[in-house]
Amino acid sequence: MDFFTLTLAIPLVSGLLLTVVGERAWAPNLNIIASLGTFLASALLTVEIVAAGPRFAFGEMFFIDSLNVFFVALTAFVGLTTSIFSGPYMRNEQEHGKLTRPRLRLYKSMFQMFMFTMLAALTTNNLGILWVAMEAATLTTVLLVSLYRTPASLEAAWKYFILCGVGIAQALFGTILLYFAAERVLGETGNALLWTHLVDVKGQLEPTIMALSFIFLLVGYGTKVGLAPLHNWLPDAHAEGPTPVSAVLSGLLLNVALYAILRVKVLADGAISGSFAGNLMMGFGLLTLVVAAFFLSRQKDIKRMFAYSSIEHMGLITFAFGMGGAVANFAGLLHMTMHSLTKSAIFFTVGHAAQKCGTQLMEDIRGLIRINPVVGWGLMLGTLAILGMPPFGVFASEFMILTHAMKHHPWATPILLLALGVAFAAIFGKVQPMVFGDTHAKPLPHAPAIIPVFVHLGLVLMIGLWIPPYLTRWFHEAARMLG
Amino acid sequence: MSFSGLLWQLFAIVLALALAPLLTGWVNQCRAWMQNRSAPPLLQPYYMLHKLFLKDVVLAHGASHLFRFAPFVVFGCMVLACAIIPTLSTDLPLAPAADTIALVGVFGLARIFISLAAMDIGTSFGSLGGRREMLVGFLAEPALLMVIFTTAMISQSTSVATIVETLAHRDFIIYPSMAFAGIAFTFVSFAENARVPVDNPATHLELTMIHEAMILEYSGRHLALIEWAAGLKLYAYSCLGLALFFPWGIAEGDSMFGLLLAIPVLVAKLAIGGALLAGIESVNAKVRIFRAPEFLGTAFLFAVLGLLVRLLLETRV
Amino acid sequence: MPALLPIDVLLIAACAWLALGFAGLAAPRNLFFISKILFPLGAAVGVLCGLTSLRFLGESAQVAVLAIGLPDLPFHLRLDNLTAVFVLLLGFASAGISVFAAGYFRKGEGAAPGLMCLQYHLFLASMLLVLLADDAYAFMVAWECMALSSFFLVTTDHRHAEIRRAGYLYLLIAHIGAISILLSFGVMTAGSGDYSFAGMRAQALSPFWASAAFLLALAGFGAKAGLLPVHVWLPEAHPAAPSPVSAMMSGVMLKTAIYGLLRVSFDLLGTPLWWWGVVAMSIGLATAVFGVLYSTVQSDMKRLLAYSSIENIGLLAVALGLTLIFHAYRMEALAALAMTALLYHCLAHAGFKSLLFLCTGSVLHATRERSLGKLGGLIHRMPWVAWLALAGVIASAGLPPLSGFVSEWLLLQAFLFSPGLPHPWLNMVVPVAAAVVALVAALAGFAMVKFYGIIFLGQMREEALKDAHDAGPWEKAGLVWLAGLTLALGVLPSAVIGYIDAATRQLLGAGLADKVREHGWWMLAPISPERASYEPLIFLATIAAAVLLGRQLVHRLYHGRLRRSAAWDCGYVFQGPRAQDTAEGFSQPIRRIFEPMFRMERHFPTIRDERPYYSVKVEDHLWHWLYLPLARLANGVSALITRLQGGRIAIYLLYSFLTLIVLLLVARP
Amino acid sequence: MSAAIPLSAQLINLFASVILLLAFAMLAQRRVLPLINLFALQGLTLCLSTLVVAFTTGQAHLYGSAALTLVLKAILLPWILHRLVRKLQVKADVEGLINIPATMIAGIVLVMIAFNVALPISQLSSAISRGTLGIALASVMLAFLMMIIRTKAIPQVVGFLAMENGLFLAATSATYGMPMVVELGIALDVLVGVIILGVFFFQIRDQFDSLDIRHLEKLKER
């Protein structure tokens, strides 16, 4: 068995296994072990790809290159830390009476299934399968979002399902159009949806169809990325689901959706002269950034607020990829990584904080630093990191995006900076009183798993100061591939 | 700098110390005459100083070391001021130690110390006096600086000696700016020396006094030093005014003749100046304390106007 | 083994500070270890920095590239003379503050000492890195680290809502300033994509873009320095922080902003335009007047000092403006004079303002009181602090023979020789600016007398003040060090100028040192003794001689008798502490004269009041005219945008639908 | 002109038109059960159209597609929906947000837009499926419109499924079918989705005592 098969098989098998044995006492450990296995396999796969270059798997069905192997590793890593985090978190939820054992079983198995669908979406070579995997990811997460079965969580899940379902239907139409365009070049060989084949002939694809197809795909997958004004499901789903789910939604699912857009953008760029796709993405990115920034200041629920922050960052990343070119793509990839790590770390601390204070309302969360200094500092540093404060890595990528924008699209710079400033004012103004000040909250029955937070933040800090050379090489290669 | 220069410097200081109370006495006498009062003796200030030195110092319970230290500092500052203002000669060894800006600084230093000392006991009048003194000070100081700037621009120097040399020994030129500066300077001197439109040295009327309120708690040698310093300040201002606006007669270099001639000229100028001062004081009424800022504001404006006139009209002179 | 270059020494110093910080985290509750070992070591590192830059000054620049940073933009470091002057400032000022801090932090106050130690030393290290940075990324990282670490220090006592508010405001404005700085750097690269300072120097910008870069830098660094109208954080943050931190922020951190301005306008941008100077000068004047006026009317001792810092920053901006004007017209000798004044005032302010803030720290510790209305008479209980504070007060009031006067003197000299500018309009305006500077200096005296008189002199306004105690040995040592610096800067100007001249020469190509050295070390005559001279030592000696001689003579000729009695006070009987001026009372004339400058809320007692009282609250017009409307605007926009999320799924679907249709209709490749 | 069009293409165009017609009918239908029936009918038409394409092009896997469509869209899903309606005792009347004529006008505008958008593509297409893509796009948009204006959960889901129908039409008729594995995946997803939705309906009814999605408007910004 090679590492790639393992990477996909472990979550699938363990997900199925957990539906059966998920109520046992050791099931959480199985969840962690499976995630660890996935992570190790993906790490070894990464080593292999970095050493030996891109490869196929299962015929031409799967294709792993330097672009997606990096997302695979990131996904597996955040999956691992989230599973570690969710252990004590879910136990606390259970003791608070919010979840029953069958629900926990559902949670664990769906978590693994979700990991599987995402890894599949990332590694597949077939744009149709990509669509299928994305839809499957939606379905698994709908179940996760509605895990509490409260009216609010049902409402959130319903909206999530309908909006993303409709969105993804549009993506399917886009895929069909793409196939239509490809078929004219590649013929009815069954290869017309294989990305590796499409890339080879991207210059010959019909531009009109490709433009139409890209619009559908952008609107479709963009719904899942959370681009304004298609983002409305996102804050609800983040706020009402369990916190580990918010962490993976923000940290991973949005990335995967954006990854799908990136793959298509490469084709659209090849087919359409000029920067049609890039301009669209820049427009959406800016709009999203500004809208999300202004949403931030009126939030009362902590998870909603960070959900909007995710939207904001997705906007920034979309803008970066929209600009295109080696530097901007590099910065976009780096920002995606940094955002995943930081945002999931923030959701970990937010989860503990909300659990401690028994509420997600920010005005009732106070003095975290006094109940649990580690959680308090984690939230504070995480927030500062996500706001783009040096020396954290988010600043490094924002610096590159901004400087690149200044060079090539100076008109956009004031808008970017306005949004970043407004976001800073809003988020920091809300987080500071939560972390600081006095409180009356009591400690929790199960000590929080706080190591993931600091592992994430440590990585983010390291990248802010020093990006390891192999990582740089890797990013460069991926950025070059994106054109 | 030469030995004789040093001697003349010392002589200038001693002369200042000696003449200052006399000037105060002279002004008081003139004032009394003009106001139809019987005048005190000309040497009255000397008697007073002597008597005060003889007396014990009665110190309030709450007085700190700063309170006891301040009179000496104020006195020292005034001595320095008199030492660097050319009274007899422009060739003073101490002159480079402080130019006109530093001179303003010296007055400021003295003011700070006397105000702080006034606040030290913690009485109502003390702090009132300190506050008012600083009020007068912050308005008078920039006005004085502006006057000095005007003269400094004419002479391209801030050194008092150079200014005097330039003004006195060049060909006679009418500087309109100097008229403005002169008026401003007169205003400032009145305020700084606690003279009538702003303050009245002869009364202890609680609600209006400034200088006297500050030194209410002083007695004995401390009071003597402060009074002496006040005399020195008047002397210094007079000499500065004379040096800036009527510089003729001040010796350049240390020729014996010039210096000897300078003494009577100085005395005469001071006598006239003192009489004028008394005259102005007599024909004016003391203004309310909150009119003082207007008075000084006018002075400041005049000084700035002088500067502008200088720049506008005389730059090509 | 090659000899250690100064830049290496400074790098090691930065690492040492970091190491000390993390050492504190190793034993976060061990107060003795942290305060008596780590902080003094930090002070030693500070002295090392100071000495290194003293040794370096005058040499040619040294560069280093670190292996960290962005892949194509590793950290570039550069030690040149401008940097060295500010490192000198940082090293020597921080040494005093660290020693003071060793005695200042006590058990059970605020955060864990180890955390404070980490933040404090991180703050120091990042300031050093700001000065050394030679590319935009390293600079921004260090700059924001500085803001962050100081933010955490400001909010040490975060249980008070107003301290949190102060911290928030501080970090927000710092961040916005940082954005502006980043933009300025971006403009300076001129699209070359080379973000190292060397790359920026190599660019020749058009006047328009150069001006844009300058104005952005002025806004960005101004936000850090506290220039109008982005000063609002300063009077909030300084009082909120523990006193050593206030001292560090006011004394040192604000100067890094000045450093940045100098770096941008003289080093990176090349030749300035004349009107930049006018802009800087106007803002500086407004800031100085604003700062000093508000400083006089404060009732909180640390706020008073904070506003006084704003005033000093204003003066620095005036000096900067003057330098720019001269430099733009190639009047290098005068530019050198103005810049010397600027650098000198940086050093002087670092010394005396740190000293004063530390004194308030000692007072705060001894009395737990910050409000001027509840202090008084502390000279009896805290003589050390009181007498050392006097040095700071005199220097801050800009009076001879201490440090503040020298820089003010140099600045006025520079103003005095401004005629001769080829621009007639400027020729008129510049002297008026000098008048304003003079006014500001005099008002500073007012504020300082208020500060000193109300805290240290008079009767104690509260019973509890009788238990106040003088500062401990560490605190005294720190205060003495800073007072010593203030005195040294005051009496040895020629020597100091000999050192800082290297920076002037580097930036302008002209300096004062040769002329100053001609006339001996005791005399300061920047152009020639005929034109202007100042000999502080002789000045001081004359006054001292007069004082001593006077005292001796009086005692010898008459007597030295002394007795104590109740105060006279015109025979007024009720001489309780409440008869003294309050802080508000003392500043009443200023409020009255400059009434339009303040936004006042006053309550006057009436005859019918059961418990009559008088109160006055002074607020900042700008807050109401600029900041609140901005906040309202942002809120309004945000309220408008939030309507997007109305909860109805049909509407959400409609958005999606319309987006699609619009794109289908509009978007064409 | 018309003589040039082969029979198969005419048939496909016919079926496509029927699908569009049914989409309009669904848009106008006020009651739930007939709505589901219309949906089943649309599934059947889709199946027929796929069969024609399969027959014309001779692609074996399109027969599979047709069978899949028949089983899933014409039989299984309508049956599930019927059961749901019975079990949940949904009121028969469907309330729309806007009235039927207005909806119709909007629908016509949409069809015009869709045809316009699809026009350049149709011109590129081979003769057999000329125009179908526009019809497919139009029915997708009509289904979309239906989702927007319906306030009950079940009609909304029917709209969602009708949209899938439109997509399927595009996939089979316009492009001769996607690769089989993709079609299978899509079908599986739709099936799982409907099952999950069914579970959801019960939960929503339990929580809100109604399937009116106007109850689901609590989560919003205030």
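Chains here go by letter, A, B, C and D, matching the order in which they are written, and residues are numbered from 1 within each.
As a convention for this text, contacts are C-beta pairs under 8 Å (C-beta built on N, C-alpha and C of every residue); 3 or more make two chains touch, one makes a residue touch a chain.
Worth saying up front: this structure is predicted, and the values here are computed from it rather than measured.
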item	value
Two chains sharing the most C-beta contacts	B-C
Rounded Å distance between chain B and chain C, as computed from the means of their C-alpha atoms	35
Inter-centroid spacing, chain D versus chain C (mean Cα positions, whole Å)	70
Distance from chain D to chain B - Cα centre to Cα centre, in angstrom	101
Interchain centroid distance [CA atoms averaged], chain A/chain D, Å	31
Of all residues in chain A, the ones touching two or more other chains	158-159, 162, 166, 170, 208, 212, 235, 295, 298
Per-residue multi-chain contacts in chain D, two or more chains	117, 144, 147, 213, 216-219, 221-222
Chain pairs in mutual contact under the definition given at the outset	A-C, A-D, B-C, C-D
Interface residues, chain A side, partner chain C - complex	158-159, 162-163, 166-167, 170, 207-208, 210-212, 215-216, 218-219, 223, 228-230, 232-233, 235, 272-274, 276, 280, 291, 294-298, 327, 367, 369, 384, 387, 389-391, 395-396, 399-400, 402-403, 406-407, 413, 417, 420-422, 424-425, 428-429, 432-433, 436-438, 464-467, 469, 472, 476
Contact footprint of chain C on chain B as seen in their complex	53-54, 56-62, 64-66, 72-73, 75-77, 79-80, 83, 94, 96-99, 101-102, 105-106, 108-109, 111-112, 115-116, 119-128, 130-132, 134-135, 137-142, 145-146, 149, 152-153, 156-159, 162, 204, 206, 216-217, 220-221, 225, 290, 293, 300, 303-304, 307-308, 311-312, 315
Chain D partner contacts - residues on chain A that touch it in the complex	126, 128-129, 131-132, 135-136, 139, 142-143, 146, 149-152, 154-159, 161-162, 165-166, 169-170, 172-173, 175-177, 179-180, 183-184, 188, 190, 192-193, 206, 208-209, 212, 235-236, 239-240, 295, 298-300
Complex contact set, residues of chain C against chain D	642-650, 653-654, 657, 661, 664-665
Contacting residues of chain D [partner chain A, same complex]	59, 117, 120-121, 124-125, 133, 137, 140, 144, 147, 153, 156, 160, 163-164, 167, 170-171, 174-176, 178-179, 181-182, 185-186, 188-189, 192-193, 196-197, 200, 203-204, 207-208, 213, 215-219, 221-222
